[in-house]
Amino acid sequence: MTLRLIATGGTFDKHYDEIRGELTFADCHLPEVIRRTRMTMPVNLETLPLLDSLDMQDADRQRILASCRAAAEPAIVIIHGTDTMRETAQVLGAAALNKTIVLTGAMVPYEIAGSDALFNFGFAAGVAQTLPAGVYVAMNGQVFAWDRVRKNRAAGVFETVSGS
Amino acid sequence: MTLRLIATGGTFDKHYDEIRGELTFADCHLPEVIRRTRMTMPVNLETLPLLDSLDMQDADRQRILASCRAAAEPAIVIIHGTDTMRETAQVLGAAALNKTIVLTGAMVPYEIAGSDALFNFGFAAGVAQTLPAGVYVAMNGQVFAWDRVRKNRAAGVFETVSGS
Amino acid sequence: MTLRLIATGGTFDKHYDEIRGELTFADCHLPEVIRRTRMTMPVNLETLPLLDSLDMQDADRQRILASCRAAAEPAIVIIHGTDTMRETAQVLGAAALNKTIVLTGAMVPYEIAGSDALFNFGFAAGVAQTLPAGVYVAMNGQVFAWDRVRKNRAAGVFETVSGS
Amino acid sequence: MTLRLIATGGTFDKHYDEIRGELTFADCHLPEVIRRTRMTMPVNLETLPLLDSLDMQDADRQRILASCRAAAEPAIVIIHGTDTMRETAQVLGAAALNKTIVLTGAMVPYEIAGSDALFNFGFAAGVAQTLPAGVYVAMNGQVFAWDRVRKNRAAGVFETVSGS
């Protein structure tokens, strides 16, 4: 088995730019993260443009969908901003690709003390191998179905919503 | 669903004792780790005596088995040293408890730069919720059946062995 | 000897607010930093309002000056934002207090990987004990006189300017 | 001014060997540490054999002395194990080299959470530029004269002893 990992940015991958004094994107952290996990399973990393998910447009979600569609691997983990993770999950879920696609991200950037990034990535990499085909959000140590999840922005956690 | 987490020590939980100048055990890191993960699923943490797994005796494995047997939760993650993780998995696997039990640990202690601990814990917490009942070792981003796994000590990775 | 430490905010003390998704101020990191240094010299920590130094007004600099004037200790380290460190140094320098006052800060926040905060604090704590009375900026591993320093914002480093 | 930095090992530079499961020496951390400090002053790094200072022999101390003697720089920082830092300081102090030589180290390795290494290095780099010629131990946020210092091993701190 091989895992496809698609990096799209989000808080997980934010980097502190010391000249501008703000969090932005530079090199993707995923190559370092993958080394650090000591994964022996092959991982194919695909780096899409790194975006704050609040800045994502329809075309960006279509590009993610196209990557998922083109992927040869049956298990895909997508690193994504939390603010519109649900919207991307809905685009992917509606496409019904017959692959296991797991979106995850982080509340605190990988490079900041106390980050949840590495835990979330581990969690997503695990359930991507064990869940049936479908689209899922994996955050806060839980698996959510793509059509029954929302981010509670005031609390900073994901929660289940009743399906339609 | 509630997750049971059983801490037994191992490299994951080693602490640097600055007076003695060596790695040993002090307070268990799991309470901090759990907070950091931002898990919203309830987690019941049970801390057994923290041991280097090379120092584990039969009685120690029987105590872990007793904890698994007594647990009300159907999903259990055990933090364990890597050197005899296989031996404990065999004790638990032979008991056939009808629960999902996942052993994990770390090659580098949680408190040392570049540690795989948080990734491994996330991975294990994910697959513990999604795998059928059984006993598994979750290391190196892979799930191993309890009776088909060994640690390759020279390479520092877990690998599959043919079942008997 | 006792060292006075005055925290005023700046990049050194920025904290990532995971709900708002931005760097801001919360609890001052200095109590933790002081424990971590294992300093055996007594340190009196005074925490002024934590500010981005670009937001500092004249009144804020006067408050820092008042703290320096009131301090019983002959050696003072001030943690300060880098963008207007020079301006505060000039206010303090012009007051000619007959104490050794050293301003320092960080280019990368203490809680972000690769931060220079702990190095800069150590450097400042050292030279505050060894320099004659006066006002200094200690950044980039160098001591600058208060009236001969500026921040090169494009390069992100402090440099000497010819005195007037 | 240029600073000479001599790495000799010690706790500061210990690395966790994940195959052997113990702290040992691998590549010296100082090149990374120097980059991280954003020092603009030139630093010449000389890496001697990295040793636990309990393993240092007379020949090792003579080699450190020879490096100090040969150094063109008037200010030298030596990274050294804490257990025999005093002994090396005495060898260097007796040689009366007319340079400012500052020994420092760490109680917790650089790569372990909560390390004092970066603070100590900053402190030493500061006082090496500001103290008169002589040999000093810089630990716990204090400067000690080479002939009036000892490590209190039970408490894990350096302290002043009366001179002879």
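As written, the chain order gives the labels A, B, C and D, with residue 1 at the start of each chain.
One rule holds for everything that comes next: a contact is a pair of C-beta atoms (placed from the backbone, for glycine too) under 8 Å apart; a residue touches a chain by one contact, two chains touch by 3 or more.
The UniProt protein names, listed by chain, are A, B, C, D = L-asparaginase.
Remember, predicted model here, so these are calculated numbers, not experimental data.
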Taking each chain's centre as the mean of its CA atoms, which one is farthest from the centre of chain D (L-asparaginase)?
A
For chain B (L-asparaginase) placed onto chain C (L-asparaginase), the superposition rotation in degrees, Cα atoms, nearest 5
180
Can you compute the centre-to-centre distance for chain A (L-asparaginase) and chain D (L-asparaginase), using the mean CA position of each chain? Integer Å is fine.
44
In whole angstrom, the CA-centroid distance of chain A (L-asparaginase) from chain C (L-asparaginase) equals 39
Centroid distance [mean C-alpha coordinates] between chain B (L-asparaginase) and chain A (L-asparaginase), Å:
26
Flagged in chain C (L-asparaginase) as touching 2+ other chains are 107, 114, 156
Okay, what are all the chain pairs that touch?
A-B, A-C, B-D, C-D
Would you mind writing out the residues of chain C (L-asparaginase) in touch with chain A (L-asparaginase) in their complex?
11, 16, 18-19, 21-23, 83, 107-109, 111-114, 153-154, 156
Show which residues of chain A (L-asparaginase) lie in contact with chain B (L-asparaginase) when the two form their complex.
3, 33, 36-41, 43, 107, 114-116, 118-127, 129-131, 138, 140-143, 156-159
